[in-house]
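Below: the structure, in structure tokens.
Chains: A, B, C, D, E and F, in written order; residue numbering restarts at 1 for each.
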Amino acid sequence: MSTNDLGVVRRTVHRPDPADVEALSAFGVATVHEAMGRVGLMRPYVRPAYRGARLCGPAITVLLQPGDNWMLHVAAEQVRPGDVVVAGCTTESEDGFFGELLATSLRARGCRGLVIDGGVRDVADLEAMDFPVFSRAINAKGTIKATLGSVNVPVVCANALVHPGDVVVADVDGVVVVPSGHVAEVAEASARRESLEEGKRVRFRAGELGLDMYGMREPLAALGLRYED
Amino acid sequence: MSTNDLGVVRRTVHRPDPADVEALSAFGVATVHEAMGRVGLMRPYVRPAYRGARLCGPAITVLLQPGDNWMLHVAAEQVRPGDVVVAGCTTESEDGFFGELLATSLRARGCRGLVIDGGVRDVADLEAMDFPVFSRAINAKGTIKATLGSVNVPVVCANALVHPGDVVVADVDGVVVVPSGHVAEVAEASARRESLEEGKRVRFRAGELGLDMYGMREPLAALGLRYED
Amino acid sequence: MSTNDLGVVRRTVHRPDPADVEALSAFGVATVHEAMGRVGLMRPYVRPAYRGARLCGPAITVLLQPGDNWMLHVAAEQVRPGDVVVAGCTTESEDGFFGELLATSLRARGCRGLVIDGGVRDVADLEAMDFPVFSRAINAKGTIKATLGSVNVPVVCANALVHPGDVVVADVDGVVVVPSGHVAEVAEASARRESLEEGKRVRFRAGELGLDMYGMREPLAALGLRYED
Amino acid sequence: MSTNDLGVVRRTVHRPDPADVEALSAFGVATVHEAMGRVGLMRPYVRPAYRGARLCGPAITVLLQPGDNWMLHVAAEQVRPGDVVVAGCTTESEDGFFGELLATSLRARGCRGLVIDGGVRDVADLEAMDFPVFSRAINAKGTIKATLGSVNVPVVCANALVHPGDVVVADVDGVVVVPSGHVAEVAEASARRESLEEGKRVRFRAGELGLDMYGMREPLAALGLRYED
Amino acid sequence: MSTNDLGVVRRTVHRPDPADVEALSAFGVATVHEAMGRVGLMRPYVRPAYRGARLCGPAITVLLQPGDNWMLHVAAEQVRPGDVVVAGCTTESEDGFFGELLATSLRARGCRGLVIDGGVRDVADLEAMDFPVFSRAINAKGTIKATLGSVNVPVVCANALVHPGDVVVADVDGVVVVPSGHVAEVAEASARRESLEEGKRVRFRAGELGLDMYGMREPLAALGLRYED
Amino acid sequence: MSTNDLGVVRRTVHRPDPADVEALSAFGVATVHEAMGRVGLMRPYVRPAYRGARLCGPAITVLLQPGDNWMLHVAAEQVRPGDVVVAGCTTESEDGFFGELLATSLRARGCRGLVIDGGVRDVADLEAMDFPVFSRAINAKGTIKATLGSVNVPVVCANALVHPGDVVVADVDGVVVVPSGHVAEVAEASARRESLEEGKRVRFRAGELGLDMYGMREPLAALGLRYED
């Protein structure tokens, strides 16, 4: 509701243990998403603004109004070292809400990057700074500073719900949100999954087929798969 | 997280007072959205499946897996008369999750309609039944019943967060979500807005300009608007 | 290959038995698609050009070049009463390849309608004539007559493979292609499916749940679905 | 440039002779577009907001900023009976810039309708009023009144250039722009084209093929079209 | 039809002569597409998953169900050194059907790459392995293994028809399909075209205009092109 | 109108002073767009064909017909050293209008690059040549040379109006059009803006917040922004 969700800045964020965030940051988005049971993924239209961008950290959330980036300045004050800014928007907008100056400001606060359901600009500078940004568009069109949104309320970003303090992991495969209370658990599940995958990788490299490794031949036959010459 | 959000059916839903829902149902989506302070709107890609579809009611929420409509059957049991089913999906999917048989089942339970971030089919039948459906696609492709989702957990549908019991209002202008604790308040604000608009409508019809009615001439001049012949 | 597929008009089309086409025409696209085992559906971006459009008939296939509708005139000569024209394009194009004059010509040949992976125009006239058209776009931009395509070669239309003589069924739910040798079989399977559905419909109307009708409770419990109050 | 194009309202519009506009209004968009030599068409993503919408009239042009509809109120004052409002936007926006109240105001000024490269709302009301609107989206999300655009400067709307006073014709097939100095000429060319088409229509109805009517057989053969049995 | 096309694995593939494939692999997609007479191109939404990806080889075809990658494991067994896997899907899906483990398995079988009308993940790993992949999306969302598709039946991939053994050529410009019986012929035509182009390139570099090189001035004048100062 | 705008080549282009173009070329698109007051930006779907592409120069404009690149050859003759070719199209088309041979020809004329509201091909070659191209698609599909367009008439390209001689600036952030009479003024405004930004950058780097630097705290409070712990 408007009186609750618009025009508010919550200063208290329950961030997970930094050691757990650090542990989680070792894994890619696809692995983390599997380890969580396949929930929490943003829509795949959010893409890295430059090749090689990658980030992991607890979210400072921002609810933007379309064409207005005022709340990103408000959010900057709430950033602590290691945080990631995650910005949703009350409607679809591909405006360029974010560029190099704001990146400079966020970096000075220790921010690790930005995920935004909107557009960004100054992409060559962002790449030169290596300030990782994931966005739905690249767009030179700037924004105004005229309307209130909010900071550190739950936001929906690219169809995923993000609470302040949730950990966001982003790489070339997409962006996934890990609830703040489950970071250690997901990091462990990711590690188990990677370890399992390493075993499979070795067997695949040696030429073993998934059909045999996973015991698929019988269920496929049971469903009626037939071979013809 | 998976152990909380996938594979669970919550039977208890806190629905708002039916009289408040009834009051709210008198207003269109654009009015309700304004009355809420411009939050809670689904992305505009969700469209009525047929001309004239319109609905208002508390949400039974469903989290679907792509290509799988099993949870809609699970949800049917949780529907009480007057409810609306709201279905999000863990990934983007335009499959036809819903058709005339499920509509028949939901209607028998008293369901007032469906909002789904996916595809539907049997649209001619849905129109003949006048079972209102709002969806992102129309698609004859059916789905399977193989994987678990959830019922009555918070879901994100077309980028809007919906809790079970929140009231969903949908018409040709889109779909808006009213938190269950604010229905009476939003209905009243909608009524005030409509009443205000009626006054403006009369003046507009008489030829008065918005420039004068809203006192815009001065701020426009202050910003530097200039007239040329 | 070019020497085979471009610049050729095949006059011989193996159409299925008209009685089988007639039988098939009783069913909607969603039913036919299910009866075929869920293959043969065009991409859902192909939509009826006007509300209520519906068609069923063997295909005269056309391979168009972008921005060029010459081959539709060549195809008109190959149409026999009851046929449907199905036009693919060698690249994506939303130009208006087809309008009221060509519809008049096709109707005079007994043609039952058009499915085209491109744009059409004169839509108000097409609706007034009730000449059913399914297209990817509505676009007033016309085309030229300068380059060769083909008629009655296999074409890909909206990602579905169509051979001349295959039966195309189209309605508000989409477009499905039934191979010419399977029309009777699919009509029978469609009838069986509809008859099965009628039984389910009666039970759903009486308030029976899919959970019970389909025996879903046990497999859901086996997968771990849990109910909470 | 900003000092010329933003923040200005031009009061003088050179409208074409109303008799010429009246003559032009007899023709559909596809005919007018052909009569102009296939220029001036807006992109086909601009669609009628309701079935049957149709308009023809000289343009009052508006340059909007995204998410801001202030200039539509400024434009209302410049409207004379018979005019059409044509609104471009400095960036892509699907916000709902326009609804029933503004339509009431424009109608009171004698306005014949709206073409907008943005979103609109209150679509059920617009249909009930039969106030024709062509837009890129339907969206309940409203806009603010905070930034200057312009009125009666040349605008680009859906990729077409529109000068104030140019005549805009819109129907189900799309939207076409006729320069103000060519309205009579285009109306005459449209009439010639329709008269030519009537002759062809009669021959097509009688079963004559385009191949023969247009003398296509020889050029097709010259290009190498071959027939196979 | 389902009994023919779903649930079948054809073990016999008629691959073209490897020397012809090798010859063809010297040419880019644009050249090959021209040499074929401009047919066989996939829709341009299929893009390389990483910069520099390129492949050429006979196709092992796979028909996938949405959200299910089981058949890719079945296909792995049918791969011979030099083959390319080409996967179509019965409906539109952007799920991540393919990642680094499957790539490891395919590479162990001698597979040269993948073209898929769906999504892929582990893109950083695929790039590190230099396993070329062309896809419609990048998406961390994984798939299940529950439903039958087919291997080595004709499939439609991004609107192009692919038979097992057809040679697929892919690079930054797109993906083109060369029928298995025409590989030598297309390679020769490609070579002729490149040789012709080299002559033109030299003349263009020297400043000669296409207007003169191609003798365009006369036909342009005949069509009425006029020059103004 | 057709007799004016189609089939014409204007040989006289009023190019701005090369020194002003040179001055402008020092700035990025986002800066130039701001300096102009946020007008003149092309739609963000126009993207660099390869990483690092960048251009700045006066426009030779081309109006293309869909699927036909003849006018690009006509335009080549009008190019003077330092010019950029800007091509609009009378309808939406993603065909590959432009490739390495035309780039070779344009470069020989001194052309600095291409902006096109259509597709291009031979992208690997374009990157190897470092001939900057900005386009709406990459597509191997070639075009024909059959219909007249125009050269050096005003064109709309990706929704921006471009007159011959206007300066086009393009980089990873997009494409902006500077009217030929305002180049010096915009270059100066860009320089002022950059100089201002350098001051802000230093302060941001030192950790100062935008809230303080821009004096935002008071207006935010006035609008009702509240802080909660």
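Of note:
In this section, contacts are C-beta pairs under 8 Å (C-beta built on N, C-alpha and C of every residue); 3 or more make two chains touch, one makes a residue touch a chain.
Because the structure is predicted, anything quoted here is derived from the model rather than measured.
Taken together, subunit A and subunit D share the touching chains B, F.
Identification of common neighbours of subunit A and subunit E yields B, F. With rounding to the nearest 5, the Cα superposition of subunit E on subunit F corresponds to a rotation angle of 120 degrees.
Interface subunit C/subunit D: under half of the residue numbers present appear on both copies, so the contact uses mostly different residues. Between the CA-based centres of subunit C and subunit F the separation comes to 42 Å, rounded to the whole angstrom. We define each chain's centre as the mean of its Cα atoms; on that basis subunit A and subunit F are separated by 32 Å.
Residue positions of subunit F with contacts to 2 or more other chains are 38, 41, 44, 51, 65, 90-92, 94, 139, 141, 147. You'll find the chains touch as A-B, A-D, A-E, A-F, B-C, B-D, B-E, C-D, C-E, C-F, D-F, E-F. Considering their complex, residues 28-30, 33-34, 38, 41, 44, 47, 51, 171-174, 176, 197, 200-201, 204-211, 214, 216, 220, 223-229 of subunit E touch subunit F.
Contact residues of subunit C toward subunit D in the complex are 7-12, 51, 70, 73-74, 76-77, 94, 96, 99-102, 104-105, 108-109, 119, 121-125, 137-142, 145, 147-148. Against subunit E, the residues of subunit B that register as touching in their complex are 65-68, 90-95, 139, 141, 144, 146-147.
By the touch criterion given at the top, residues 1-3, 5-6, 36-39, 41, 43-44, 65, 88, 90-92, 117, 154, 156, 158-161, 179, 181-182, 185-186 of subunit E touch subunit C in their complex.
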